[in-house]
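Each of the next two complexes has subunit A plus one other chain: subunit B in the first, subunit C in the second.
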Partner chain A sequence: MSRDMMPHFELIQPSDMDNAFEVLERYGEGAWKLAGGQDSYDWFKDRVKRPQAVVDLNGIEELKGIRETPEGVEIGALTTLAEIAESDLITGSFSLLAQAASRVASPQIRNVGTIGGNVCQDARCWYYRAGMDCYRAGGNTCYADTPEGMNREHCIYGADRCVAVSPSDTAPVLVALDASMVIRNSARERIVAAQDFFIGPDVNIERMTVLEPGEILTAIRIPSTWAGSTFYFEKVADRNVWDFPLVNIAAAIKMSGNTIEDIRIACAGVECVPRRLTVVEDVVRGSSRDEETADLAASSAARGAIPLNFNHFKIPLLENLVRRAIRDS
Partner chain B sequence: MLVELTVNGEWKSADCPPETTLLKFLREHLMLTGAKLGCDVGDCGTCTVIVDGESYNSCLMLAARAAGRDVTTIEGLADSQGVHPIQEAFEELGSLQCGFCGPGMIMSAKNLLDKNPTASRHEIKDALSGNLCRCTGYTKIIEAIEGAGRVMSSDKYPQSNTF
Partner chain C sequence: MAYTLLGKDFTPPDIRAKVTGEAKYAEDFRVDGMVFARLLTSPMPHARVRSIDASEALAMHGVIGILTADDVPAKASPQQTILTNEPVFVGDPILAVAAESETIAQDAIDKIKIDFELLPFCVDPLESLYPGGPNARTEGNSVTLNFGQPIPPEVNEKKWTARDFAAVEEGHLPTGEPTVQWEYGDLDTGFEDAALVLEESFVVASNSHHSMEPRSALSYWENGKCHVFGSLQSQSFAMNTLSGLIGIPPEDIVFVAEFCGGGFGSKGNPYPSMVIPAHFSKKINRPVMLRISRAEEYYLGHARSGFQGRTKIGFREDGKVTSIDLYLVQENGSATGFPDINGFSEGASLVYTPEAMRLRGIFVSTNTPPRLAQRGPGQNQMAVTFEPLMDRAAKELSIDRLAIRQINAPTGDALVGAGREPVTSAHPREALAKGAEQFNWVERVKNDGQRNGSKVRSVAVATAFHPAGFNGFDGLVVITPDGKLNVHTGVGNLGTYSYASTSRVAAEVLKYDWENCVIHRGDSRKHLPFNIGQFGSNTSFTMTRTNFVAATDAMDKIKEIAAMDMGGDPEDYDIGEEKVFSISDPTQSMTYAEVAQRAIELGGKYSGIEGPEDINPITKGGLAGIAGTGLVGVAKDKLEKHGLVPAFCAGFIDIELDTETGKYEILDYLGVVDCGTVLHPQSLATQIKGGAVMGFGMAATEKLVYDPQSGLPANVGLYQAKPPSYLDVPSTMGWAAVDEPDPQNPVGAKGVGEPVMGGGAASLICAISNALDGHYFMRNPITPDMIVNAAAGRPQSYKPLQVNNQ
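So, the complex of A and B:
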């Protein structure tokens, strides 16, 4: 196959939201929303997705930038991951997000990849990405969940015909920080909690988020609830750069002396959505932070997991990440 | 579509289909073949160029997104007066073997040293983390960049040198 080639598309570069909605409406199913493009170009180069029109949202200024609000911080969906990793506002109050953003892909990709794109990226199952007619692609088989299927990177929770995972590093952070997503279409704006923004195959097998075709994720709001808490982020991947997480962990902890007063902890790489570990939260809340609590948290972390043929290792991996998050944060 | 942009200080324009990547635009429309096509998916970084002071994989950027902006490629580093200190250091230490990763490595290094010529070894490794070399094991590359940084941070190095 010839490389560095994409099938032809019309490129439309709207400069404001009204114009963008008008274009999305005009092209309907044939339209493709482009942010940083780091997920999109893969699809196009592989010729798996062939949109009629690519709507490049980068000319819309209101989708960019990090703003302080009375409630916390608002991040435009098209803000790059590099900007987030270096922003004083974010590193000051929500360093958890800065850490996660700085672990996405490579320096070059973080300079163009956006937070909106990072949370909206499609499933990374290679059978699906290769254009096979799996359930997620509208077919009637899952190639990953077969006796020979290569499913080392796939889920240990929430399998429902599809076993792909949420590959995002920033998504579990947004869940842990109680963020909310601002979504607009031509008629209205709606706010969805980060936790409800991501959907599994049981809800809709062809989508990873609640975002409808005519809608645009415009911003992400992080309330000051967890500002300045004790944070822990760790990502484990086969390669430290460019690679997606096998499992990552994001925790925000409010300490009172040595007691864990409150905690949010979430991870990705184990389920189709970022998984909030509420059992761990319940186990450690009110306990002192020590080895014993960390062990207890670890032993409860992977409760109910159902591994596939090649991903049993994700259970001890998740347990150890939880142990470290509690002990070393 | 007509794409107009500044490349290595010169205003250039060319007509290309909208799906053209910046890499293809540079190589096939402007005949600047310094930036290389490696993995085509952002893994290897050999297509790295600097746009408005930040490094990008030119294979993962539409030419249209670089329109009106200031692009620096490896061709912009050397002129008739001589080569860039990074190139000089690479040559002196024999930092490259096959050399395919070179244009990307050097552009990533330049992007770092322009901002921070006294970058530590750790910062250099970080800045090069999106660039793969399959020959050298990176040691000589990192040593060369440290050396180039010393040159670039010395009083004698012309601060007005934009390339």
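So, the complex of A and C:
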């Protein structure tokens, strides 16, 4: 159990996309794409993940920055969480994302951590992080989903051999804002809805997104559809700084008078992907915003949840957060 | 009493180095030819090493050598080993590899093949006590510590009967045969006379020390001496333990520990990993640096003992505690451990002054980190357990929560534990009264229970205690011909600055301008006296005494020299403005610089050529080093001390708890202490506030978590172990002190480093319980999931009495 010792690795720092794709192709699955490094360095230092080459994308300027477009806003994948939290464009129209970005980890981590890295980060299951040979690590067991497993932070939905959750604070926001993920490889660009970007263990147990080895997430596009809506974000974690969410909630609501005209609501910490709460959306859409609607939304929020031994609390917590999103937004 | 220096803020001499980064901690040192070592630690909670194949590693370029358990002194079970072939916890060091760089050393370790035989293990004491349950050590599961005695600790097998377990309802602690017990008073009569009897089982979690400086060490051998640069709370006190761990006499060791980046009890005395470089350096004849990583700090950096316990408490109608019956199963970790049971039980006997009390307890080994004292070892676990019970009793008896603490609080005539030991002074009632006034308790409790949507306002108070002083150590000062006062102090530098504030006592006695004083410390070559380390909240009491007696000795000699040179008797002279002068004719005077020069000429006791017989050999060594350099004051502390020196903290807290999220905001906190004379207000304020922050972690975020299937620890990083962050604590906190001098200290001082944590921890536990309308969890930490479950009326996820769980 020797940890905390960075190994040697080949570091490649491309300055443009073509160069990056060339390197990624050269190393194939042996390449590791590095953004802010706040997830990667732990893996390297613990010597659990041993990539052949680390491809540092930070020298590629076109991956950075927040731009206004005719359709909305485009955020470069390597834009830091601190920049997003402070951006006038984001705080003005999409304060939901600014709020979430400002609750990620700590100021130091937000200064280097990127939005791309935040949505692409790997599972935080502590067994997996300890280097256990679990399903996600290519093995044939899950240590968390057992009668005695310590699984307080794990999922209440979508268990499929693996019970890890999406630990991201920004991912549910992107789902709520109906964002698109711009993905490129050397040959083509494809656009994937945020909701489809994240994948569960039933699709691929060793990855958490649709990104293929040769692909780079270049930007995130947020349509103006939900700009200036009524927003609600809340994160519940053990600590208020430098902690992952037990459950978080992100809602974008269009109000007409006191009527909820439309809504998109999603959460993280309950499933391997950010979970869009479509049942809640259906329950509240067209209803007046009052205690009764909030209570109905809450009672429908956790339907179908299957808790593990130590995470029953996520059911009332999710219900409460949904109640607050409707009631207090 | 009015002092010139004591009770005033000042800038301790090491602050500048800390702020600028000039301070050299153990891992900042570099020596010619130095190599780096890395540890190979156990991936298993309990195993036997059948074979080690290091051939591939040793053949690597840049690898210098390997150190295994065969190369270091063995330790009898259950003592913590330096290196071992029978690891007893995940992270237990098995071997070390030295190389030209750390990366090479780690690469080499990755190539070592070890054949392990997994042995039975356990992470829960009750599981081990069950008939046929696993033993954490091959020799058994029950440790007899023999703490403070010249006999080594022992470990034996102890199992309770199945009947012991069957006899209690689920959720209640079985009370099988104990290994420690004491009793005083008439327990049964106390319960019979009680208007209210509470009986509860409880769990107190273990938690890590999180020392910000990991315990790195550097060693090399030169001219027959072993040089050790370490991270420790102690300086002179370390020498004998280091001597034992390295296997050479103390005089052959050079020990440098100028700065220590936090220890909280886990670095009180030299620990096994500190001497790995010493043994390795001897073997390969190169200086060896061993940097301990953050994860390794969690593995081998020790932890606080947890408890599974049960108590029965009787209360009179007015809230006075009549009897306490206490059973404690101490989760003692994988090695010798620390007698937290004593701190817990004696603490209860003092803080609540029961007329009768019984303790029964047992220390049970688990395959988890070795336990050691952590800030308030036992006393703070007691505070987080008993203080909510005081609230519950107050509620059931319709008594104010402040009043029930007042009526039970000890005064100066209180007695402690089974030995009914007296105390030197006790002013918790004054601390509670002062705090109540400053916190505006009467008005604030009117807000108690006020709801704002899902948020509930909750105000609480709690008391905590820890012993705070020792005696019998030595003081050593020298006035040199340049007129400077040189205070040699052998205490450590934990970071509290009390090494400096206690040194000011010597300046106060000799009426020195502080600008003309120099503190010598942090390196055994600096001629230091024998002093105890910075642990047990003792420094303020213990070191003011040693510096007082040394300075008094110096003053006596100054007056003798004045009488010799200017006529008359020593009593005819007084001191002031760094001079000795005739009381009848103040123009007749000698400066301290002149006196120092005369002392050198006179020699003998004046210049330290001769010294007292009763000082420690380490002090004699220090004295020999400075003899002849000026006027020397040296003495053993033989001042009066009868009984235990207690320090207290009353913590007042105001929170707003959200029942929907399980989160709360601490709106305000006030810590009021009984620490005798305040020596250094700024550092006392920092202690009170910092201790409270650490207490908030104990109350609400921190615990060891172990996977019972594999014995793996879950929390091996700061982000996993979760000490409170800056947004988890109030931005401002208040503090105050009773400032009532202790009669058995020459300047009235007592320590206070530990109860300030208990005050924060227990008050927050009480406030959370109070916000939930008296839902007493009887376990800590109280995490958001527990609050959400409680508020929603749902069962908790953990099994009753389960420890090391989420």
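Here, the second predicted complex is superposed on the first by the 325 of 329 C-alpha atoms of A that agree within 3 Å, B and C clash if a C-alpha of one lies under 4 Å from a C-alpha of the other, contacts with A are read in each partner's own complex, and residues count from 1 in each chain.
The rule is short, and it goes like this: a residue touches a chain if its C-beta (ideal position, glycine included) is under 8 Å from a C-beta of that chain, and two chains touch if they have at least 3 such contacts.
Everything quoted here is computed from the prediction, not taken from an experiment.
S.K.: Quick one: classify A:6 as touching subunit B (first), subunit C (second), both or neither.
M.R.: Both: A:6 reaches subunit B and subunit C.
S.K.: For A:292, select first, second, both or neither according to whether it touches subunit B, subunit C, the two together, or no partner.
M.R.: A:292 contacts neither subunit B nor subunit C.
S.K.: Between subunit B (first) and subunit C (second), which does A:16 come into contact with in this model arrangement: first, second, both, or neither?
M.R.: neither
S.K.: Once chain A of both complexes is superposed, is A:323 in touch with subunit B (first), subunit C (second), both, or neither?
M.R.: second
S.K.: Does subunit B (first) or subunit C (second) touch A:212, or do both, or does neither?
M.R.: After superposition on chain A, A:212 lies in contact with neither partner.
S.K.: Looking at subunit A, which partner touches more of its residues: subunit C or subunit B?
M.R.: Partner touching more subunit A residues in the overlay: C.
S.K.: Please indicate which partner A:61 is in contact with in the superposed arrangement: first for subunit B, second for subunit C, both, or neither.
M.R.: In the superposition, A:61 touches no partner, neither subunit B nor subunit C.
S.K.: On the A-aligned overlay, A:37 touches which partner chain: subunit B = first, subunit C = second, or both, or neither?
M.R.: Once the two structures are laid over each other on A, A:37 reaches subunit B alone.
S.K.: After lining up the shared chain so the two structures overlap, which partner does A:71 touch, if you call subunit B first and subunit C second: first, second, both or neither?
M.R.: In the superposed model, A:71 contacts neither subunit B nor subunit C.
S.K.: For A:241, decide between first (touching subunit B), second (touching subunit C), both and neither.
M.R.: After superposing on A, A:241 lies in contact with both subunit B and subunit C.
S.K.: Both subunit B and subunit C touch subunit A; at which residues?
M.R.: 3-8, 42, 106, 240-242
S.K.: Would you tell me which residues of subunit A are touching subunit B in their complex?
M.R.: So the residues of subunit A in touch with subunit B come to 3-11, 13, 37-38, 41-42, 44-45, 54, 56, 58, 82, 105-109, 111-112, 240-242.
S.K.: Mind pulling up the subunit C residues that touch subunit A in the complex?
M.R.: Listed in rising order, the residues are 38-43, 90-91, 102-103, 106-107, 109-110, 293-296, 299, 454, 660-663, 701, 705-710, 712, 714, 716-720, 722, 724-728, 783-786, 788-789, 791-792, 794-795, 797-798, 805-806.
S.K.: Which subunit A residues qualify as touching subunit C in the complex?
M.R.: Touching subunit C from subunit A are residues 1-8, 42, 46-47, 106, 126-127, 130, 132, 143, 146, 148-152, 234, 236-243, 246, 309-314, 316-317, 320-321, 323-324.
S.K.: Show which residues of subunit B lie in contact with subunit A when the two form their complex.
M.R.: Of all residues in subunit B, those touching subunit A are 1, 17-19, 21, 23-24, 37, 40-43, 45, 48, 54-57, 59-62, 64-65, 108, 126-127, 129-130.
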